[in-house]
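Letters A, B, C and D mark the chains in the order given here, with residues in each chain numbered from 1 onward.
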Amino acid sequence: MSSTTLVALLSGPDQPGLVAKVSGYIYQHGGNIIHADQHRDPEENIFFQRIEWDPMKTPAGEAAKEFTEFARSLGMSARVADSSHRPRVAIMVSRFAHCFHDLILRWKAGELPAEIVAVVSNHPDLEAESRHYGLPFYHLPIDPAQKEASEDHQLEALRPHRPELVVMARYMQILSSSFLDKVGCPVINIHHSFLPAFAGGKPYHQAYRRGVKLIGATAHYATPVLDDGPIIQQDVVRVTHRHHIKELIRKGRQLEQAVLAQAVLWQLQNRILVYGNKTVVFD
Amino acid sequence: MSSTTLVALLSGPDQPGLVAKVSGYIYQHGGNIIHADQHRDPEENIFFQRIEWDPMKTPAGEAAKEFTEFARSLGMSARVADSSHRPRVAIMVSRFAHCFHDLILRWKAGELPAEIVAVVSNHPDLEAESRHYGLPFYHLPIDPAQKEASEDHQLEALRPHRPELVVMARYMQILSSSFLDKVGCPVINIHHSFLPAFAGGKPYHQAYRRGVKLIGATAHYATPVLDDGPIIQQDVVRVTHRHHIKELIRKGRQLEQAVLAQAVLWQLQNRILVYGNKTVVFD
Amino acid sequence: MSSTTLVALLSGPDQPGLVAKVSGYIYQHGGNIIHADQHRDPEENIFFQRIEWDPMKTPAGEAAKEFTEFARSLGMSARVADSSHRPRVAIMVSRFAHCFHDLILRWKAGELPAEIVAVVSNHPDLEAESRHYGLPFYHLPIDPAQKEASEDHQLEALRPHRPELVVMARYMQILSSSFLDKVGCPVINIHHSFLPAFAGGKPYHQAYRRGVKLIGATAHYATPVLDDGPIIQQDVVRVTHRHHIKELIRKGRQLEQAVLAQAVLWQLQNRILVYGNKTVVFD
Amino acid sequence: MSSTTLVALLSGPDQPGLVAKVSGYIYQHGGNIIHADQHRDPEENIFFQRIEWDPMKTPAGEAAKEFTEFARSLGMSARVADSSHRPRVAIMVSRFAHCFHDLILRWKAGELPAEIVAVVSNHPDLEAESRHYGLPFYHLPIDPAQKEASEDHQLEALRPHRPELVVMARYMQILSSSFLDKVGCPVINIHHSFLPAFAGGKPYHQAYRRGVKLIGATAHYATPVLDDGPIIQQDVVRVTHRHHIKELIRKGRQLEQAVLAQAVLWQLQNRILVYGNKTVVFD
């Protein structure tokens, strides 16, 4: 086996023989399938597939390009990634540092197949920590009166780092539709509630007032509608009447870290397909 | 130790010395405390306590009455139950039978310290099963045009059974404010979502459309506002894109059973205090 | 789509092109793949696949037979099931009735694609309940001095029902190696601990004495070595110092039901491949 | 309310009136009880209590001393802590850094009411990170041929820091009985399995070979018998046949962090009483 594998995420209208055609193509081109998983949405009649194979030849880039064209000939859209490529990731963060540290430490421990390339914040708090981790840090405050201009400064800071993923690691500002259009890559956000419950501000306070017995966290793709993007991962933890808001926040931190890290890992491993407002996660 | 214990649920404005006064009272009257648990809401300044003791004298009923008066003298309201008393429980159910069977089988296995006394349904489906379990069954359809009259028939059927708890075991009608006033005992409902997400009808369909990664169930006290009563217990189970609505429903059944049974058990064990729209559960 | 699908479980030495060959075979024979999932054990170099397809022709039985031969030609062993076939299931139970009721009620609710055909017990307790469910009941006590003869009586009772699965629903006897050889179908057991912790007798008592903070249940295939067969499913529930053995047993009942029912459902859906002492579960 | 509270952990032979006597004592001395929780082991006839109160007078130290004497007069042993006291914690670690970072970051985020005072390691790897966190680091290799001498060097390094808790944050050596005697404070260890399953070395490898469907982590007090001390906290995470040892290790890291941090927090909040080989955790 060569050291590089290809991972394709395909989707398109279902039709008989897709599994056979895709696997047959890879086999005939000398490739060796390592993993394959598929799904059909019976209502929308869409076929989804994640397939990972060793192309057994170099350069892998060429095999990827040919495969994309082949998928198009089947009426499918495909995104093919080379396993030796480590996507460039930018982190946006405000003041709460737990997701920031957690992602970077996982990365340094070899858990995330990526390169974290930059940290952008609307507060200066994490500058020294970012530099300690060897990461460029951009303190770019948001002026509510000139939000678009503020966001343009963020985009300018990000641009030279060519991010392939932006992670909002408890970044407490809403990214505008215009930012999301211009940034040119997926943006993953962590919301500290079990969506769709408690969207919007201060979800732990909302949860406390409602008297729920579990609190949650939700990782989702950022879209222009607040806390409404396609959900990638969710989890919950039990609370009781003894837990005041401060304890909900403490318990939530661990939950947020775990849920966000899982979503980011799946994104980096090319396991997520979005359709409509939902996700298929080939876990 | 005598075979009967007393359980008191107290609540009222917090003041210094409450724990000492309550436990001192019991000790001075010859009682032996078996369990005690308390809680203070720091914002509302309310003190809550559950205390279980062996009064070491008969009749226990007298000790209970005297304790209630003592609690009142401290400015507290108290509800005292005798452990040898098995509350009378009525079940309301529509067509889905899983919670109905589960509660009755737990009761027959000795898990619920209660007497299930009657089954009321707006459908005839579970008549034979109810009779097999030795329970009177009342088929009382709801005429939407005459809802109050229909509910009055239900109340008449329940009255001779003197229920101390009504359990809506997937009873698919909304109980009116008038019914809840007249029934004269707590009513526990199971809603098949993680409230406050997906209140109202067809929550599994709502969850499927939103693409959540966990589905939930919530047991709560019924109040005139739909799916908005004080939450007693909640739990969730993981789902993926592979689970269509039918599988959500199947996975949800087990969740609903477990969450409802836990809430009913806590109610029967006098572990729940309601305040505002929240609960304190002394687990 | 015709109403019948086929599900094949394949396993054998890994080799390039297996996915392509299998899916190509189905496509060329006019079949339409509905689901496919595969796995490779990198150490043992074994390939496992579960593939479900609509053969688009009748009789399905012939398509199944041809496919099995095709798989053999690839060096794979295959088990092909027709989705319209509902396997015949026998239940073995002692006195604890919760798993017995749970399985039968799930079956009656349409959750289990099977026919429960008989109940065998070493105690007479569940005879009336079995008959209420419309199931033949065999009370066959085990004489420890003549275990083989006792088991032979059980096998004689089971034989005319031709079981394709035997479920030990808290059957408190150990089945001998000879019984397992002769019964001619898989046997699934539920053990009330998180195996390999607390194998053997009275696991809740063992767990209580050790002071664990979670108790578990394990569904596994019965093998001649007690509590050592391939594990299908496990789950746990939290306990505290407040839970005495009686509460562990109560909490465990629900856990046992859920874990056993999940294992049985996977077995009935042909989702489990055993190799060595482990399972691959295509969930 | 004054800023300081006292927390007492009491245990001793059960007798009537203990709750009344303890709460009465505090009330009569002008104290105000904030939390109280108790437990009785019905077999051993031991009474356990955790009680937190505002002594309403200074110095708190005197109130603590008087209370300890009062408890002794009831035949109880008591440990009284002053909430303004932040226990001194030493970390022992080998090469795996995740628990080390997690504990320190929680501490820096204000989650742990403690002072981390030193890091001791048998490897030099975490020296720079320790210094970045502002912590003295002692690289003290273990010479297996002279284990006692090696441990004595560790004890000498720890002594000037007067630790009140030692946390083995994936410290991969066994501490001898002699070390545990001499260190003079509790030692908490994290074992990467659901004990008592998979005690000893390489538990993820053991779990993988056994084919379990959940992996676990256990925080316990270190005792001379390996992986056998009183269990404080446990948790598990689901795995499937798809997860190879490398993924078990990755999933386990997060679990280990969470379980260890919870156990340490409970210890720092004086919530744990040990008796025999079990714990009472007043959560």
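Couple of notes before you dig in:
The working rule: contacts are C-beta pairs under 8 Å (C-beta built on N, C-alpha and C of every residue); 3 or more make two chains touch, one makes a residue touch a chain.
None of the values given here were measured: they were computed from a predicted structure.
Looking at A-D and A-B, the interface holding more C-beta pairs in contact is that of A-B. Superposition angle, subunit B onto subunit C, using Cα atoms only: 180 degrees, a multiple of 5 between 0 and 180.
Between subunit A and subunit D, the centres computed from C-alpha atoms are 36 Å apart. Centroids built from CA atoms put subunit B at 42 Å from subunit A. Residues of subunit A that touch subunit B in their complex: 39, 42, 194-198, 210-214, 216, 230-236, 240-242, 244, 276-281, 283. For subunit A in complex with subunit D, the residues that touch the partner chain are 97-98, 101, 105, 109, 111, 132, 250, 253-254, 258, 261. Of all the residues in subunit D, the ones that touch subunit B in their complex are 16-21, 23-24, 26-28, 32-38, 40.
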